[in-house]
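Per-chain residue numbering starts at 1, and chain names A, B, C and D are given in the order in which the chains are listed.
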Amino acid sequence: MYSFKNDYSEGAHPRILGALMESNMEQLEGYGEDKYTVKAVELLKKKCGRDNIDVHLLPGGTQTNLTAISAFLRPHEAVIAANTGHILVHETGAIEATGHKIISIKVNDGKLRSEHVRAALDEHTDEHMVKPKLVYISNPTEIGSIYTKHELEQLSKFCRSNGLLLYVDGARLGSALTSEENDMKLSDIAENVDAFYIGGTKNGALMGEALIICKECLKEDFRFHIKQKGALLAKGRILGIQFLELFKDNLYFDLARHSNDMAKILKEGLCEAGYSLLTHSPSNQIFPVLPNEVIEKLEEKYMFYIWQKVDEDNSAIRLVTSWATKEEQVLEFIQELKRI
Amino acid sequence: MYSFKNDYSEGAHPRILGALMESNMEQLEGYGEDKYTVKAVELLKKKCGRDNIDVHLLPGGTQTNLTAISAFLRPHEAVIAANTGHILVHETGAIEATGHKIISIKVNDGKLRSEHVRAALDEHTDEHMVKPKLVYISNPTEIGSIYTKHELEQLSKFCRSNGLLLYVDGARLGSALTSEENDMKLSDIAENVDAFYIGGTKNGALMGEALIICKECLKEDFRFHIKQKGALLAKGRILGIQFLELFKDNLYFDLARHSNDMAKILKEGLCEAGYSLLTHSPSNQIFPVLPNEVIEKLEEKYMFYIWQKVDEDNSAIRLVTSWATKEEQVLEFIQELKRI
Amino acid sequence: MYSFKNDYSEGAHPRILGALMESNMEQLEGYGEDKYTVKAVELLKKKCGRDNIDVHLLPGGTQTNLTAISAFLRPHEAVIAANTGHILVHETGAIEATGHKIISIKVNDGKLRSEHVRAALDEHTDEHMVKPKLVYISNPTEIGSIYTKHELEQLSKFCRSNGLLLYVDGARLGSALTSEENDMKLSDIAENVDAFYIGGTKNGALMGEALIICKECLKEDFRFHIKQKGALLAKGRILGIQFLELFKDNLYFDLARHSNDMAKILKEGLCEAGYSLLTHSPSNQIFPVLPNEVIEKLEEKYMFYIWQKVDEDNSAIRLVTSWATKEEQVLEFIQELKRI
Amino acid sequence: MYSFKNDYSEGAHPRILGALMESNMEQLEGYGEDKYTVKAVELLKKKCGRDNIDVHLLPGGTQTNLTAISAFLRPHEAVIAANTGHILVHETGAIEATGHKIISIKVNDGKLRSEHVRAALDEHTDEHMVKPKLVYISNPTEIGSIYTKHELEQLSKFCRSNGLLLYVDGARLGSALTSEENDMKLSDIAENVDAFYIGGTKNGALMGEALIICKECLKEDFRFHIKQKGALLAKGRILGIQFLELFKDNLYFDLARHSNDMAKILKEGLCEAGYSLLTHSPSNQIFPVLPNEVIEKLEEKYMFYIWQKVDEDNSAIRLVTSWATKEEQVLEFIQELKRI
């Protein structure tokens, strides 16, 4: 059975394992103070086009979200997120466990816009309600859509003029930034948001996310929060070595582009076979709508999630491609689909 | 400069990297539901000599402590720990950040005994004070001492008859269990405590700790807590593969024994050179007391922590050996010491 | 200006002040262990028709909700509430501040039913999501509707067969139980729910809510939680004396009935004047829909909240009556309305 | 049996009940926005000799401590307190429940001095430990001692030059400020600390504490925190009316002075009878050391706490006087003591 369930089904890109291997017996400082992490941090600053940002490497996405958000907010401050937001449903209440409410905003395409945020602000008028403070978005979103530069700029402008922080969950940021519909670079993200993370786990690393803190007042004492939340690895080198390898040339973006390319082939095949997609997704997660009996047949040979029921006879499934997805498997999947 | 600063200065034991390499391109389930993790869990149960225990693999020690302790306690319940306890001082208030007080007990040798715990119980008499509920010990302790089977049994008996949970931080459990003064096996730990963890990070793994939950009522829903605290790695395989490699034969214990052996050579050398030790330590951390000028000289060639001032002229340093410590380096250190 | 803004605009019912006065110079035990509190607790048990319940007196509603809910839940467990639920929006994230998510369910009449709860359960399937555990309802609801006995029994049955706790916020429980549409007694509430509170603040007390814990396993150590959350008044007598006075005869219900009667006169007057109500409310909060210019005129003489915009020209306002509302003021209001 | 157990055995000073009575049927704004609270706040500012402070009225001491401290600190920041500090032992871990560690410092006379704080700072050197941020002191302390102006100034100076906040728990501040050894006024406190509270519960109010926030950056959004922690009473008037009555002339200080006077008579009587005191206490709590058989005899007629064992035959007891303590009872106690 070949799996399109997610983009973390394989281990790490071979170059990453190679880098871990090569440096393995060197004695290095612990807790992310080793030379590889220092270099990775410098490199990431350069890639973001700015020197006045702080970079921290953490093991996973939920942990990055909860560590950052709880560090940034005072107890009465809340997060605003789209109803599809990962932190809202799929992180076991990790943000609430640190004491903060998430205000859910219903959107259709996974993307928050300033009018959504304004509506939330308008509803929170006094001290009997939480104070909305941080706007959480994902790029790409959980349903595969991506933000344009214009959209991000508009949202950023609104947040800044309303005293709100803007935070981007970039678990699959590579896929967004290498999408053919994308018009942003890392430096555009860094310029427009207060903090964001560049996901490694879903783009070829064993694990690891690079949190970028852009806003000055959010930087202070951040390592205390990493340690307190259990995210400061003794062998922090593991994260530094991986991010160094991913960014020292363009490996990170090459891997992401490959996953997008594979998704594109899938989309084209689905289209040719006459099927539609539930959402417009120019990234590495796609949501084809298929007849239930077709899905059942496919399940004999492939692994994937059934996303949602569309009507009595049809459901949307989620297909995720990755740096490790093989083109022949993608082509075979399409043939199989057409055969059915 | 050679480092005796800690036991996580190198990467992972080569066999571990090898195992990661070998399985790297296999597509596996995420979140610790892969076949390697399943096997590792089964193996660890066997090694603990019991089937009715739950095993969870988490990335690091602080995270294991905070996830377990916050899952086990109700909001008003507190932890009792020795004043040297790692959670008390060196985890940035991680336990308090989950809402629980730690009651500190002053002890001389790092070990909690039933009389210490009783004293804490006697002082907490009503609802104006927290309710002591979980006794936290480390084996070996933070100053290198280890518990005998009799000591653990006594403490366990006291805890059970007083409605207290007993939890062992086993960040260096391998070193304790392979110490020449040790008279316990993994199964003795499992029999006498309610939960404990077997540390991987400090004994040859890239990272990873195996939490063993022995008490039935503590098991329910534990994976929710792992996820909520950010400790559920998408590529949980990394932990499973490592623990499988460490325990499929006796690698885990072999590595720990080596670190103890290296510490023993150091101790003997220090003794021959006429120096005393601050604490009785039969494990892989030793605390020699040296004249300050000797320390300064040693610092030119070696890295280690200065542990505490002993008097005007002397201080105790901490030397840590590990699975990766080379015998020739140890011998050279002693020669250097004698030369000075 | 006469106020229909809420039911806590005046101080306490004179009999309550009298009782405080009379006992004032007696020396009594602190922290709710005085004889008046003991008697009030016994009396409340009797009124609930059960001996196997625990009764605790706390200063306010938000504090009762947060103390109870955080005591009842483990860290990964969540609350299910109607979108109108007081804890969801109007308590500044008090529940989330104790670490728990509230799952919001959209309902039309303020009332949760088993199908709503089932839908929430169906959406929470594994450890990547919180575990729904406590169903929070208000009676009357925040929009004035009340539960029938049958509705409560159905919900109770569903909760019990699904391992869920059922909790009733009874900030205005007196109004619900003396409504002409009500078919329940205190004992029916006590029988069908796991915990609930009888509100004093909004029914004639200076402040104070009586929390009733019915489910055995929720009772243990509850006073620790009261103290930890700052709700254990040194002069707990204040609460005991008030609840004793309210329940020693039927004062509590008499006051509530009066507030309902005043609301009824208002409703009839509004109806006669040709206006409709936004919600069906047989309790002491009513929500008439009025033309905006009428509202503006009324605002010159009366205080009340504008609840929501209905269309370009009309809005719903909230009128709240209380134990202290004077019939002549109600009649005058109606005359004023008709005059306009 | 007459009670010297504490200073909250009686209800409220009659003038306070009178004021509640008089204003009882007025319709007032809720949540502390009524005219009485507004006046009380203005009055307290005047009494503190400063206009640029914020004043909030909260129901109780534990709640004031937890609300203020959790609002002032970021998640990794900790409190420094004397080992006798009320928050450390007698508030059921309320501060830890909001996520913050309390660093305990052993002192002999209940008072923290800059050298103690410096020692705590010296031990907390990096992100593996909490960051000490707020120094908590009580005046008078829990063992009856009081701070001199010089001591407070020194501590204040140290805190300010080390980026620490200074907070005073003034549960019995009236007793400190009217002690014959006191050389401070309210304005001296306000000048030297960042926040403090003026206790009402233990000095004649039904309940209520006035929190004064002096430091500008701590003021923002404080009412959100009061609401979130359940401390915003719907009938906030109760607190405003009481503090207005206590401070509109010198009632607050008169009551406190009376309690000190009663304690002084007790001390003199004890001295004459040949007994010593455990601590030097110029305030309304004293700790005489008495033979155990004398204590047993006294217990037949009086209520008080046995504070601690001194040796085999002697123990210290705690005697607390209050605004309501009657001189004849004090004299009778001494006679009784001499008779024994």
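We adopt the following convention: a residue touches a chain if its C-beta (ideal position, glycine included) is under 8 Å from a C-beta of that chain, and two chains touch if they have at least 3 such contacts.
On a predicted model such as this, the values are computed, not experimentally measured, just so you know.
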| field | Farthest chain (mean CA position) relative to chain C | value | B
| task | Pick out whichever of the two, B-C or C-D, is joined by more C-beta pairs in contact. | result | C-D
| Distance between the centres, which are taken as Cα means, of chain C and chain B, whole angstrom | 50
| note | Here the gap between chain C and chain D, centre to centre from mean Cα coordinates and rounded to Å, is 34
| Tell me, which residues of chain A touch at least two other chains? | 75-76, 91-93, 97-99, 127-128, 130, 224, 227-228, 232
| query | Can you list the residues on chain B that touch chain C in the complex? | reply | 31, 70-71, 74-76, 98-99, 127-128, 130-131, 221, 223-228, 232
| note | chain D contacts chain C in the complex at 2-3, 5-6, 8-12, 14, 17, 20-21, 23-30, 59-67, 91-94, 97, 201-202, 206-207, 224, 227-235, 237-238, 324
| Across the complex, what residues on chain B touch chain D? | 75-76, 78, 89-93, 96-102, 104, 127-130
